[in-house]
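The first chain written gets the first letter, and so on, giving A, B, C and D; residue counts start at 1 in each chain.
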Amino acid sequence: MSIVLGPNQYGKAENRLVRIVRDTDRHEIRDLNVSSALRGPVEAAHGSGDQGDVLPTDTQKNTVFAFAKEKGVRSLEEFALTLGDHFIAQTPAADGARIEIEEYAWSRIPVDGAGHDHSFVRTGGGTRTTVVNIDGRGADRVAHVVSGLADLTVLKSTGSEFHGFLKDEYTTLPETTDRILATSLVARWRYDHTDVDWDKSFDAIKALLLQRFAEIHSYALQQTLYGMGSAVLEQHPEVAEIKFSAPNKHHFLVDLSPFGTENPGEVFHAADRPYGLIEATVVRDDASDAGSAWHGVPGFC
Amino acid sequence: MSIVLGPNQYGKAENRLVRIVRDTDRHEIRDLNVSSALRGPVEAAHGSGDQGDVLPTDTQKNTVFAFAKEKGVRSLEEFALTLGDHFIAQTPAADGARIEIEEYAWSRIPVDGAGHDHSFVRTGGGTRTTVVNIDGRGADRVAHVVSGLADLTVLKSTGSEFHGFLKDEYTTLPETTDRILATSLVARWRYDHTDVDWDKSFDAIKALLLQRFAEIHSYALQQTLYGMGSAVLEQHPEVAEIKFSAPNKHHFLVDLSPFGTENPGEVFHAADRPYGLIEATVVRDDASDAGSAWHGVPGFC
Amino acid sequence: MSIVLGPNQYGKAENRLVRIVRDTDRHEIRDLNVSSALRGPVEAAHGSGDQGDVLPTDTQKNTVFAFAKEKGVRSLEEFALTLGDHFIAQTPAADGARIEIEEYAWSRIPVDGAGHDHSFVRTGGGTRTTVVNIDGRGADRVAHVVSGLADLTVLKSTGSEFHGFLKDEYTTLPETTDRILATSLVARWRYDHTDVDWDKSFDAIKALLLQRFAEIHSYALQQTLYGMGSAVLEQHPEVAEIKFSAPNKHHFLVDLSPFGTENPGEVFHAADRPYGLIEATVVRDDASDAGSAWHGVPGFC
Amino acid sequence: MSIVLGPNQYGKAENRLVRIVRDTDRHEIRDLNVSSALRGPVEAAHGSGDQGDVLPTDTQKNTVFAFAKEKGVRSLEEFALTLGDHFIAQTPAADGARIEIEEYAWSRIPVDGAGHDHSFVRTGGGTRTTVVNIDGRGADRVAHVVSGLADLTVLKSTGSEFHGFLKDEYTTLPETTDRILATSLVARWRYDHTDVDWDKSFDAIKALLLQRFAEIHSYALQQTLYGMGSAVLEQHPEVAEIKFSAPNKHHFLVDLSPFGTENPGEVFHAADRPYGLIEATVVRDDASDAGSAWHGVPGFC
């Protein structure tokens, strides 16, 4: 028996990069959180501490900021692919790279009915994400893109039922034909290839997920998620599969009967913990091989 | 010398109350975090543990939820005033009450260009707040309302200078005529009285604060805040004073010169800590006495 | 009527300073979070943005780090007093300063039964804090020190009752003679003067607070806190008053009767929100005037 | 092409269970955060919303609390295995279960030199964790146990070098022979089998990890982690492999030269973001197959 190095990676996490485009007086802003990592069999680094094969995480950080100027940030996905290829090219001992980016949304501050040129307010409605994994270089290069949304908090105040479930001796939950359904959605979809209009695809998928959440009469969070995912696959041939992680944010109807008051679906307690956690994948049965696509995708790897 | 009880209060904090108005098929939602507290000279409770003068925090919680149905939630301020008066009425030993409410914003999910009837998405753009303090009862009753906004994150990508400051032997900061100015604003304003159209006043003040942040050419965050506060006092006679707590969220221009790259205000590192913290009050010189208005106002008491 | 500047201050918050004392091979570590603020009537800064009277927050930051080397960090309180006096001396327009410090605890990693010379592990058991307020300079100088503990989470699994409380139509809480009592304690005590052996006083007060929490048979969290505070005042003449903020971290006995199982105080659900919040002051009736001592003390101002 | 259900699971996350053992006056406490999940091909639940094959997350929650009384909590690992087997037995459509438990540490409050019988204080020093995955039932049952530690924050004030790394045109980091090395360690180790004295194994591995961190003269965080992991595998035949996720918590030496002050490794700024992130696996070359062992292990799946 001997002890050996298994899978490993190193990188710089959470570079908080803000890129202002100021080619005209009407500025644009991209507010990003960029993490990079390189992987490969760097036994010397782990054994003797020899760093000759290791591109320091500080250099990775410098590159992220320098590329924001030198290459620009058009879409998250394109910026991540550019960084990943560069890091592999610079690091002969690396056989793979992962780049993760989150984007925080801003809108222009309204002044006299129009958006201001250079003043912005942070908005909600979820964080845009991407994780790019690249394996190999040259003819062997394979690139995967998994994009998505995090912290998209949605709620239906009716149109949600839950009944007919399996029961055992520990079951006390009453069945219901009307409840609040709420979740802080994380959705991640794997693109089938990289020939994609990234911003357009993202905007359309986000709008579709929201619309289907609204429209589907729910018999379970699982069924709602599956319906949302199916719609994305049906309308977006560029998407190979989509995964969801959806905490069921329980809103408990408050019992007001001790006070002689009825509560027909009007007053709820929004609970913190515990919460149901529903995780599901919707996939084409002829989807391309995922390979390393889900490597290091938070919550889904 | 003897040891005595000083100021004290007790209550139930962070009741996460969601109120659905479903009188028609087009539901409304109010998503609140309600905290209550009672104060008064309850020496027995502290000395021997005798709770005869104490309205339990569990009862306060029950009342918050029951009143959401029985009285309804029209505005935060009105709901808080109703709760505060009730708790004082129920508790002879209390000489004051504080009610604090935060509201989280939701918007309707767009479906085919229209907002859905009962499906919502959480939005950003800051949390609405109010703190109501009531002293006494009957003819001696005095009520104070301090409303505000928290977590309103705003940024100017230009139109901000900083120079001409005091210097000593520990000063290294270079002067600048163009920087990013960003803050996660907390603003709290004290109403002069309670005869106010609360929702209308809030909406107008929020819009005005954003507009003035956008319009003011900044020579210091202090000057920007003072300008914002002055505008509120000028246009809103119902407001007696306004206080700000504004972390200066530093965006440092990244030095790309080691890589032969210029960076004319385009690539920034958004830093976490430390941060400048600017706190300021703008007040009418003939403002009514604040009394207990700022009691228990987070960050401003 | 005119609009004027009210109370205001500016400073650098959360300087994360780690000071290693390495005079010998056996290193010492102080891991601090230092915030400073200056106050005074700087109308020009707020009006026109003229910063001539303002010591920039960046300079305040530099000074914190430089003083950690030049003056050293013996106790939190002494370091804070030194910084506060310095900032007032440097800034003619300032009439007061506030310095807040948190300290995170580390212990030596045990190796072969002894603590290692230069390897440490972070421990819990609460964060040590101090807030120093200084008003004026020269003969008019007045200094206040409020030290304390935050996040000291304690629990009694028995020895806690709660009954005999005021009841109204919204009361449903059953009375109990045996419950879990738990809190994440914040305690802040004001020193009567500054001629104190700071580290020794802190250690003794922390031990005493813990001991009294353990020993007191509780009829209410209020009575427990009052007993803890009284003990501190009795044994520590250097302390003028002590304030507590104590969330009652509810541990609800789980009803296992639907499963035919008894639960005599053994299985609890630790709830997040809402929580009771008990705030109390214990003070000598001949205590010195607090002045600005509680200015900017988080949770107690 | 058709759209199908891929991997999925459902469960109740973060049941905050506190178990008091009060068989004698000297109570014991186990403070746990328990999450459960079931997996299997429940197409009906996702398609039509038919929940007939689904054991509700509410029932899973009830079972966690009931079992804490009925079965007791001896070790995290044994409790998790018991729950996992039970859930699979109750749910014919499930083909796997995952149980995750975190434990928060408490120590007895010292009173007159001895630990109190029923009063406790939360301590730090990391959170104990386990994730149990069970596949199948009866003769086909396979159980995996991955235990570990999270949030174990450690620091060396010297004995850490970093040099000899790969350089490119974006490298600016100076080499150093003396720096602070600090991390908030997450370690997870996979047991080779389930015939283990769980508490004893955990305690010994934790002590060994700390000791090796202290003893190893570091040339890179990677080399330190590899040394720590190798020691565990050498001394613990019950462990098949160990994985680390270690943020390199940068402590930057503050440049005091503008103030004419030297800083020979004494004053540091503890930075938040970005941070290096080192992830590594140390494994026996004859380790048993991991199967589903790392399924749903936060940060390592």
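In this section, a residue touches a chain if its C-beta (ideal position, glycine included) is under 8 Å from a C-beta of that chain, and two chains touch if they have at least 3 such contacts.
If you're wondering where the values come from, they're calculated on a predicted model, not measured in any experiment.
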Chain whose average C-alpha position is farthest from chain B's own: D
Equivalent interface positions on chain B and chain C, same or different at half: same
Interchain centroid distance [CA atoms averaged], chain B/chain C, Å: 23
Separation of chain B from chain D, taking each centre as the mean of its C-alpha atoms, in whole Å: 38
Of all residues in chain B, the ones touching two or more other chains: 15-16, 62, 66, 170, 172, 258-259, 272-273
For the chain A and chain D complex, residues of the former touching the latter: 1-16, 35, 37, 42, 45-59, 61-63, 66, 90-91, 161-168, 170-173, 218-220, 222-223, 225-226, 229-230, 233-234, 241, 243, 247-248, 273-286, 301
Complex contacts: residues of chain C adjacent to chain D: 15-22, 27, 29, 31, 62, 65-66, 68-70, 105-106, 109-111, 116, 118-125, 152-159, 180, 207, 210-211, 213-215, 251, 254, 256, 258-259, 261-272
Chain B-facing residues of chain D, complex: 169-170, 172, 258-259, 272-273
